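There are structures below to look over.
Common to both upcoming complexes is chain A, partnered first by chain B, then by chain C.
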Partner chain A sequence: MIQSNALKTQAAPTKQDIAANRFAQQGRWFPWFMLAPSLIIIAFVVLYPMLYSVYISLTPFNLLRPETAAFDITKIFRNYERLLDDDVFWKSVINTVLFLTITVNLEYVLALILSQLIARVTWGQSVIRTLLMVPMMFAPVLVGFQFAWFFNATVGLVNNALMTLGLMAESKAWLVDQPSGMIALMIASIWMNVPVMTIILLAGTLSLPAEVYESAEVDGAGWWVQFRHITLPLLQPFVLIALTIRSLDVGRAYDIVRIMTNGGPANRTQVIWTYAGEMAIRNSRFGLASAMSMVGVVLGVAFTLYLFWQLIRSRIVH
Partner chain B sequence: MLTQAVRPHRRVMQTFFNILVFVILTIGALPAVWILLTAFRPGSEINASPPIWIPQHLTLDAFLNLFGLNPAYAAGVPALSYLRNSLVISLSSTFFAVGLGTMAAYAFSRFEFRGHTLVFLIIMLSRSVPGIALSLPLFLIMKSIGWIDTLHGLSFVYVAVNIPFTVWLMDGFFRQIPRELDEAAYIDGCGYWQTFWRIDLPLALPGMAAAAIFAFLASWNEYQIATLMTRTPNAKTLPVGLYDFTSQFTVDWRGMCALAVLMMIPAIVFVILTQRHMVRGLTFGAVKG
Partner chain C sequence: MAKKSFLFIVLMLLTLSIAHAQDKEPQYAGVDKDLTGVTLRMATIGGQPYEAMYDSIKVFEEKTNAKVEIVFLGDGFEIDRYLKTNYAAGTVDFDVAWNHTSFMAQYTDFVEPLNSYFTPEELAVFSPAIIQAATIDGNLQLIPRHADISSLHYRLDLFNDADLQAQFKAKYGYDLLPPTTLKQMYDMAEFFVASGKIRYGTQFAGKEEALNGRFYEMLLANGGNYFDDDLNPIFNSEAGKMTAQWMQDLYKNKLIPADTTNLLWPEVAQNFCNGDVALYLEWPGWYSFFQDKTKCPAIAGNFGLARGPVGAEGTIHTGWAGAHAFSVTKASQNKEAAVQLVKFLTSEAVAYDEAKLGLLPVRSDVWTRIIADANASAVPLDKERLELAQIQIAEDFRAVPSFKDWITFGNEWFPQLQSIILGDVSVDDGLAKATDSIKTLMADLGY
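== the complex of A and B ==
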């Protein structure tokens, strides 16, 4: 009698035990249930296409001749070898590297100056911030069209202004000439990207502790010493955020270049992305274009690492 | 004594400085003013030589032409279709990206599971793939399943593109909601889903609004993928449609400016709404999360 009773309590756990057990089990699969839809969509739209792109880059695939999609193990690096021999490709790599390093460094310096100026303005902060955010209203495509128009040889604003002011006798084809074409592209990119960087650095500047500056003032430190030895080192975390956001947007340079010059004339302003796009869209050579965009992705990652390396180096200096 | 003597001089300098910063920023914003003005000027003024700097007349002609409301002008660009496509694609992709991304962010912020960091890293890395690198293989895949030049095809892609940023933003947001609220709900007999749906989601609505704004603008402005995935007015969006104003030798700058103004409306609303919070908001999740 007693025995069977004891057995009974052991065999049949209480209602609460069952509930707790079920709750713990649900806790194991619930996060995956929440993640599943996002993971499936990302796998289908990003992961699978990128793997497919790696595969295509190893084949001579041409869209107009489907039979070229065949995989030949003896010729898998054919596209990459071809790129090494392609002068236009090398030119586009150099242009891309130049474009990114010059624009990002100038953007950083300009944003730093602007954020320091804006932080010291004593009235009209909301008007100033609205003015600062004006370029953020423009889609990258619009920035491209806008500057294509400004630098236009016949109806462009820049030519009109310079000629009205008497600084130039005849119109200049800014986007055609070298190196003014690349410079025009850089100006457009800088105009578009400086506001976001400035806002982040401004947020950082405003969050710095006022006491540090007060005691520096007491010690007789001038504004340059304060900037160099207080503001700059303390701003590093915000610089990191700004550079991270910027490095994720590296590919956006495509919109501007595609619209302003499309890599032309005669490949003078060709960057990797426009060259890959041209190969794929105009020549249907998806194999070669995929190989190029793989190089572009690697270059993008390298560029991100370069940004972080610069940041670490500047940290050591201080 | 000395400080009092210095003060008036300092105030003048400060005023001077304020004006200087205003002037610098106004110069930076001038290109935008020019676009806006051009959209409202008659065509004869825009291409005049020598250039007319100060507008003589303002007209709505460019906008009437855009929507085919001008009887004397055959609408060349199906702007209304582009507007509809842009709205449908941006709104639907924002809805799903924010919904699904919020669910995923909740899993990251509240649960420990195997591969937590790895999965998070994969999602974030998927954001860093440049659009053009993605668009080439996507074009081939979408072509094989017949989703090229369809609204749902492009919308589906944008959902995936916008999920990572939503996850990043919402993860930071959920981490600021105290876990004790969840535990109290569990004790009261709520399941995991109920706790998420009834307790945490309502508290996270401001974060979702921010995520929705970013996702909407990203889809609204996207060009690289859209240019390959859409062909006809059935699915072409506004950024792709801008190209219709260019022909081989001439560009209708005025029409383009009018469409540009139309395209900028959501972003303008966004800037006016957030200008006060932007400086704090942009960095808040990143520093604390």
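== the complex of A and C ==
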């Protein structure tokens, strides 16, 4: 092979080149240098408590007995052993998965419908968008109280309305019975959070290129065909972002459940975080509560990784 | 023994005091020192009927020039959580804290022993039995504010209805009078609901320690107990099964509210106030609320009080009891001033105002006053309820087991009892599973 003479005649680096190269190499560290204060703070605020929580989960720590925080090799897996045998904990895991799956999917369907309808509004769309966001402005605790009153067996709005309309003969204990207790929680969560997903999907819909729809119309594609073959596929990245955000939120469900049913009665509506909260705050058993939290975190991380993998796949495909 | 001593002392003091009726006004205590510049912070119980007393704090502030801030008000379970969290985390920033004979065993490491702050004369006016119960390992944990003991509340119009009396006698074979046994209480609840004249035959608060305590008093009445002397759970006994079955049957047959497992004290009181309940066990502190025609027109002047019924054991009446109280925190930066506030809040004048609302006093001087008031009252029940309370305090006082993890035990137990009540599990299976889980819990807690 004949080597190019261009290589032999390449100019030697000048002092400016050397200086620029050194700066470029140093510059690779510059972003990290700028991020360092934030990372240090995050390490203290997130990483240290997380590691401490892992440690505590390996001890029988009881808040009212500080000496139980000491490491005892004979008891390091006791909390996790207790969880394996704890029917209530596994019930709370199942309830959490059911709550997450049903709530997020229903939110998605409703949000998709609302976003498509709002996208078609030509006059007053900004007003509608603002009104849509009203439920988001309420604190989850207030939403919990509101819906607890709605579903109250004695003075609740739902019972009064249904009995007045003749649809029900006697009042129902919505928050006590199964599965109406979980359904009531889902309704409260969906009411509050559909706007979040709607806003994301609406933003995605409005950002879609108009030319694609124009071409489809020229080709004679109707509304349903356009929705199925253009809108939905192009919305995938936004859908996955919305599902990821909402899944993580719902997976951490606490406020609404705590206020409306507190996981009861008889642990019927218990979810992971209300059970962990009860164990930590009401029973002072921080070790066991930390072990529950670890299981919850592992499930959450696994779920997040799966969703992000789906998101990356959808971006590659499209 | 303590209860008999208490009865003797109370009766003796009452006899002497009534014979030499007091003319002077009730006295405040804890207002003799100037506390200018001192701010005291208090975390205490809120809600009906507890908050009326806190209006008197402005008297303390005027007389001592101190400032008092209430940093937390919540129901009994909320205040317990608040206190436990702050005690354990070391973030106590209040001087005076609520306490209770049922909860005090948890707080012993965090409250200041009060023995040295009170003279024997100051302590002598309080119920000796409660002061003795409040002394753990020689340390006085709290100063009692008022006592609670559940009595049977029943609707006079229903029991005095001639038609209902005849129907009841025909069906059940005995007279329609305030029940003296738990079996009779069930029969009457069933009868009244079937008659269509009342929504609920009876009721009880169905969650938290409220449920545990009700179960406990009936368990005792049926001849059982939660624990043996070594704190081994023993409520999976015939008495326990009988008690759990009683509750399950009430729910299954719709004799109690469908949302029983969501009810706490304010809700059950409101149900009775609304005229929806025929008879049930309730605390005496609601008396003035129930007699208020503007708040409870359906039952004001239309209810009676009776001793709690006996259970299967035959002689033990129900009588879940305890005493609300105040303590001074070890973390307080001004314990002397905090003790003054406690003395004020438990003084004769403040306790008398509370007793007039219906709460049972723990001071002998206040007992004297309210009995004299009741003798002068045109409402017979004003006097009858005090006579009843004296008998109950003397003979039926059932305090819950006093060990550090009573609440933790309760939080493990009550959801399982709810499962039994709601019919999710059978009585036998539910109790068997519960006692197993409690054994594991007690082992984990170091018992």
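Criterion: the second predicted complex is superposed on the first by the 257 of 318 C-alpha atoms of A that agree within 3 Å, B and C clash if a C-alpha of one lies under 4 Å from a C-alpha of the other, contacts with A are read in each partner's own complex, and residues count from 1 in each chain.
Everything that follows uses one rule, which is that a contact is a pair of C-beta atoms (placed from the backbone, for glycine too) under 8 Å apart; a residue touches a chain by one contact, two chains touch by 3 or more.
Keep in mind that what you see is a predicted model, and the values were worked out from it rather than measured.
Student: Quick check on the superposed pair: does A:Ile281 touch chain B, chain C, both, or neither? Answer first, second, both or neither.
Tutor: A:Ile281: touches chain B and chain C.
Student: Contacts for A:Leu175 in the overlay, against chain B (first) and chain C (second): which applies, first, second, both or neither?
Tutor: After superposing on A, A:Leu175 lies in contact with chain C but is clear of chain B.
Student: A:Trp123 in the overlay: touching chain B, chain C, both, or neither? Say first, second, both or neither.
Tutor: After superposition on chain A, A:Trp123 lies in contact with chain B alone.
Student: Going by the contact rule set out at the top, does A:Phe150 touch chain B (first), chain C (second), both, or neither?
Tutor: first
Student: In the overlaid three-chain picture, which partner chain does A:Leu202 touch, first (chain B) or second (chain C), both, or neither?
Tutor: After superposing on A, A:Leu202 lies in contact with chain B but is clear of chain C.
Student: Identify the partner contact of A:Ala266: answer first if only chain B is touched, second if only chain C is, both if each is, neither if none is.
Tutor: The answer is second: A:Ala266 touches chain C but not chain B.
Student: Can you tell me whether chain B or chain C touches more residues on chain A?
Tutor: Of chain B and chain C, more residues of chain A lie in contact with B.
Student: Taking the superposition as given, does A:Pro60 touch the first partner, chain B, the second, chain C, both, or neither?
Tutor: second
Student: Using the superposition on A, tell me which residues of chain A are in contact with chain B and, in the other complex, with chain C.
Tutor: Touching chain B and chain C on chain A: residues 63, 281.
Student: For a test of understanding, state which residues of chain A touch chain C in their complex under the given definition.
Tutor: Touching chain C: residues 60, 62-66, 78, 82, 88, 152-154, 171-173, 175-177, 261, 264-268, 278, 281-285 of chain A.
Student: Note which residues of chain A are touching chain B in the complex, please.
Tutor: 23, 26-28, 30-32, 34-35, 37-39, 41-42, 44-50, 52-53, 56, 63, 114, 117-118, 120-124, 126-142, 145-147, 149-150, 155, 157, 160, 163-164, 191, 194, 196, 199-200, 202-204, 206, 237-238, 241, 247-248, 250-252, 254-255, 258, 273, 276-277, 280-281, 286, 289-290, 293-294, 296-297, 300-301, 304
Student: Flag every residue of chain C that touches chain A in the complex, lowest number first.
Tutor: It comes out as residues 81, 84-85, 87-89, 106, 109, 206-207, 257-262, 267, 271, 404, 407-408, 411-412, 415-416, 418-419, 421-422, 424, 440, 444-446.
Student: What residues on chain B touch chain A, complex-wise?
Tutor: That would be residues 14, 17-18, 20-22, 24-26, 28-29, 31-32, 34-35, 46-47, 50-51, 53, 100-101, 103-104, 106-108, 110-111, 113, 119, 122-123, 126-134, 136-141, 156-157, 159-161, 163-164, 167, 186, 191-193, 196, 220-221, 223-224, 228, 239, 242, 251, 253, 256, 260, 263-264, 267-268, 271-272, 275-276, 278-280, 282-283, 286-287 of chain B.
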